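Structure record follows, encoded as structure tokens.
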Amino acid sequence: MSLRQIIILITVALAVMVVLPGLGRYGAYIVYVVAIASIGALALNLLIGYCGQISFCHGGLLGVGAYAAGNIGNAGQDMVVALVGAGIVTAFVSVMIGLPALRLRGLYFAISTLAAQFILEYLFRLIEPWTHGVSGLLIQPAPFFGLDLSNDRGYAAIAVGLLVMSLIAVSRLLRTDLGRRFILIRDSEIVARGMGVNVARTKLWAFAISGFLAGMSGGLLAFTSRIAAPEAFEIALSVDYVAMIIVGGLGSLPGAVIGAGFVVLLPEVAQRIGETFGAATQTAALREMVFGLLIILFLIHEPRGLNSLASRAVRRLRRTSGPLSNNKRSSASDLEMTQARL
Amino acid sequence: MLDVSGLSVRYDSVIAALEGIDFEVGEGRIVALLGPNGAGKSTLLKAIAGMLPFEQGEIASGKAVFDGVLLNGKHPAAITRSGIALVQDGRQCFRNLSVGENLKAASFRHSKGAEDRLQLVLTYFPILEEFYARPAGVLSGGQLQMLVIGMALMIQPRLLMLDEPSLGLSPVMVQSVFEIVERLHQDLGMTVVVAEQTVPRLMEIADDVYVLSRGHSVLHAPPDEIDEDRLQSLYLS
Amino acid sequence: MRKSLVIAAFGALLASPSNAVSADINVCIWGTITGPDALVNGMSYGARDYFEYLNEAEGGIEGHKVHTVLLDGRYKLDEEQKNYRRCVSEENAVFINGWSTGAVKSLRDQIQSDAVPFMTDSHSSEVLDPKKFPYIFMAGPTYEQQILIGLRSAAKAGGKRVVIMHANNEYGRAPVEVVRKSGAIEEMGLELVDQIEFPFDTQDLTGQILRVKNIDPDLVFVQASTPQMLVVLRDAAKVGLPASLFMGNMYNISPAIPEQLGASAEGFRSIQLYADFGSDIPAMKDINKYGESNTIEKRDTYYMKGWYQGIAMSTAIRNAVKKAGGVPDDLVAFRNSVRDEMENLPSLDTGGITPVVNYANHQGPTQARISEIKGGSYTAVGEWIDAE
Amino acid sequence: MFVLQLAVAGIAIGSVYALIALGIVLIYKCSGVVNFAQGGYAMLGAFITYGLTSVGLPSVIALVLAIAVMGGLGALTQILVLRPMLKAPVVAVMMATLGILITFRAVCLLIWGPDQIGFPALFPIGAIELSGIFMTYNYIAAFLLSAILCAGFLAFYHYTPIGLMQRCTADNTRAALAVGIHVSNQVTIAWTASAMLAGLGGALLASLNGLSLGLSNIGLVAFPVIVLGGMTSLPGAVVAGLVLGILQAVTDGVLTPAIERFLREHTDIYSVGTLQQVIPYALLVLVLLVRPQGIFGTKESERV
């Protein structure tokens, strides 16, 4: 991410913040739900899209973050402390889940994360002292750097701010040696090993960093919904997150945000459209169907995700608008381009 | 019989593997296709057999014609049926299936006279009869090479293409592989293309030699015009 | 660029039509339209239909049309949270009717700070407290009270050993834990010999039922919704346990049980709080009248519950409108006034769906009776019992 | 006696797990695709059977028709969705099958609504009591049918020309292409067979357990089964299915009560919750760590 892009990003974020007071609570709610999901999707994209470790327990990890943040917050700590704490706890759990990755590859590892998801769900219901079992952990509002921001607009500001910070941090990370090692492992573990990469340690770093971000995202979710309950972190949520990064674009930072927006907002938009004609059951069915079909269609026609579609559209615009265009670039070099942009 | 002209191949739409190759095989001839590792020999054979689309490759320009029929864009199964058998590198067979099943599988598309061909293959390769009910995975490298050539024969080809059959074999095995190629040529009048890096034995039986380097065709000559030194210099060019 | 897509999508969302502006009185309902316990969603349809009925038959409340929104919470916490925010801040609802125990519990503090009257479909004791949660109202006895009513009937019948089965969610586990820890079971002279938890989205409970069979209790009380009860009774029949051994709560009176299980549902008992659909009561006339020109989605006791909730909510709204001499412009004042009127509802006639109620306790009716499946339909056995 | 009764229930359910898992393994062997939608095919098969009986067809004919429809649907999804995704990354293909699952659920929701439905009796209602062990006709029929089908399918796979082509495709795609086998057609056949197995399994399951959208969850239960059996072993899937069915029943009936009794006597903990839901997955993790290729599977080497 270039300096220019960072500036654009921050400007957009500031613009969102300026607009926020004008939004209703529902509007603000939508903003922070998308922003929080974006942080979660970013975490998962780091793992799957950049390091090639397919995970189906992201929902469970967000849950770990939520419970951790809730417990720290309820103990009277500042929200910032709670979020960082949640990040550390979740990073630890994520590394635990990642340990089998040292022995298992690809599909087998993916299925072991499926197991992790179900075991986490079970533990959420079981460990009453930390999770309050099925009742869920009620979470008291906490100050943010001492400020009282415990309302929907305040949460939106925090979430957007954190998202921008995470985006910048991850894009910086990808430029370091560690980041490059992630990509090497994704492309071929054997080649990476041949080049002297400590595959085990690098993978665990990916799990730790991804877990940290997931924990923060889950923690924010907990504070905004005032409860961390097991039903909120089930396998369906993990599936949603995988959908986000694939729809947005594997191995693409903007893709995480776009994918999160898509997956969170699409059902809502479909619902609103459905409400204008159909009965409630049909609306619900239609909304699911649109979701399922669009995912399939995207995967067939735009396997590199919405981000690639968007960047191609932008390029086409530039091409028609001025001499800066580069007509020689074939569509096949998109992948390299997206990677170069990062 | 086989006529390839101006053939260019790309992988992943960007990496050029072959540029403007002309390659001709006359009926009843043994053609040697030489070149260093990565010269594009396998790619050329795969392009003819229609296997490229399964490895992210595509024919960018040029054409391959077999007996007047255009091969471009045809499914490998159809090309196989029209009488071209490719013995791929790495001795590709079904290692979890028995030797017999391997041979049976190869004759699915050419069931007519399969029994006779099976007998023929077993006479050529008695070792296959011995291991008939055992999984192919237990065979040694040389035996595997026999099996895959046997499988190719079950297809009842008129054009047999072998991709680096000697790779990884002991000199004795290499010797017997080429003996078999020669026998096939003599007994059955089969047209054969053999791709190799460098094998003096091949020069003795070949009628025609093509040399590839870095995706380009660098030489086409009868075998007596080619010696080890000339090849080395071509490979390094 | 990256954000602009999101913002565009979200702008489109905000710009999408919201009909809230034209109506004077907004009521917002969310239930499980689709989702694991959709079988009992008649109560959401019933409440909506009552307001629609008012619009058709009486031109709304005091001449003001009521605009009702029915949303689908899908029994998912985040979806219900979203629905709540939409109801409170976008639909400007003066009364909200919401679904699951988990969601209502997580929202109880916000309901308090938003000061919006809230009718909960959940009967959890943890959201019932006129002092701590003055805006939350319930439509009958709590789950805990229902469990005690059920167990008491077992004690009366001379039973001794009881088992409680429950789903692994808030609705299932929490009330059972409260009852067990209260010691009330022992006070009745009963012994709780086992407590069995099972998955809420269960498809097969043979193992658990065999565990019950092994214990051989006098009564099994099941704290679950109808879909799980279907599994329980079906698997009980598989291993030769009679349905009469089992008892469910208010959410197990469903025609689906005798319809799908036939003879193996005979003798199953559950707690009834509201009149059956089709009973000979005044409210049924209104429902039939409404049904002449509208579809009635569910014809069961939960529809009746919803209808009754509609009566209670609308009466409070009517009283508030009357008092102010029109719909107040200030939504906050309107909500507060509705809350006050709700609390002060004088002996409310629910058209026979429940005995006459008042809402000083925020609980409405506190009476229940036991209903048993006999000859393929639910039949009341015994009189109304007061939960207290 | 008690344990025997549990085992009977476990075997009945387990044999259906095996049927569902067979389909997943079949597709995976042939094309390397992990089909998360298998539960969706099972659910759809059951719903279509139900839909056909509700328009008046006898249940056996409805079942046969539904299985045929499922076969067509399996082929169609392979051609429309999977073929264009040949070059897509593994995780994208996984997600596409999840998309299929979501779509199937939505279709069923739209047509048949969210409520649990009483499934028509495929087999006579009633039970045999053998010295205290109840065996419903449903159980017996589900077990027998699954057993016959598994055996029949394995025989088909090993002794017919199509079976041989399937095995060739699964063994080595390049070699299969070279001997003239139309690989993508073989993959289509695998999807067809797999969808038919799933449809039948779904209908059997619905006759045991009733019908609702929740039936599609069976697909997730099948994953521990296939991993325990080894992703590439068809007989392994059958054995693992039975083992898992019995294990779950025993967990529900014996293990959980024993643990809870112990905990209640010696600690403050009263319940261990729904242990049977995690037992298969806990076992899965263990097996994966000790023997990553599963109990019956063969080791695959990573391609560079």
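Letters are used for the chains, namely A, B, C and D, taken in the order the chains are written, and counting of residues starts over at 1 for each.
Assume contacts are C-beta pairs under 8 Å (C-beta built on N, C-alpha and C of every residue); 3 or more make two chains touch, one makes a residue touch a chain.
Please read all numbers here as calculations on a predicted model, not as lab measurements.
A comparison of the A-C and B-D interfaces places the larger number of contacting C-beta pairs at A-C.
Among the remaining chains, C is positioned farthest from chain B, on the basis of C-alpha centroids. Chain geometry summary: the mean Cα position of chain C and that of chain D are 36 Å apart.
In this assembly, the C-alpha centroid of chain B lies 43 Å from the C-alpha centroid of chain D.
In this assembly, the C-alpha centroid of chain B lies 75 Å from the C-alpha centroid of chain C. In chain B, no residue reaches two or more other chains under the touch definition. Multi-chain contact residues of chain A, defined as those touching 2 or more other chains: 125, 281, 284-285. Across the assembly, chain D contributes 87, 109, 113-114, 273-274, 277 as residues in contact with two or more other chains. The part of chain A that touches chain C in the complex is made up of residues 8-9, 12-13, 16, 23-27, 29-31, 33-34, 125, 133-136, 138, 152, 225-227, 229-232, 254, 257-258, 261-262, 265, 268-269, 271-273, 276, 280-281, 283-285, 306-307, 310-311, 314. Chain D meets chain A in the complex at residues 34, 81, 84-85, 87-96, 98-107, 109-110, 113-114, 220, 223-224, 227, 231, 272-275, 277-278, 281-282, 284-285, 288-289, 292, 302, 304.
Residues of chain D that touch chain B in their complex: 87, 161, 164-165, 167-168, 171-183, 298. The residues of chain C lying in touch with chain D in their complex are 32-36, 38-39, 168, 173, 180, 194-195, 197-199, 201, 203-208, 210-211, 214, 226-227, 230-231, 234, 238-240, 256, 259-261. Residue ranges on chain D touching chain C, taken from their complex, read 2, 5-6, 9-10, 13, 109, 113-118, 127, 129, 134, 136, 138-139, 205, 208-210, 212, 214-215, 217-218, 248-253, 256-257, 260, 270-271, 273-274, 276-277.
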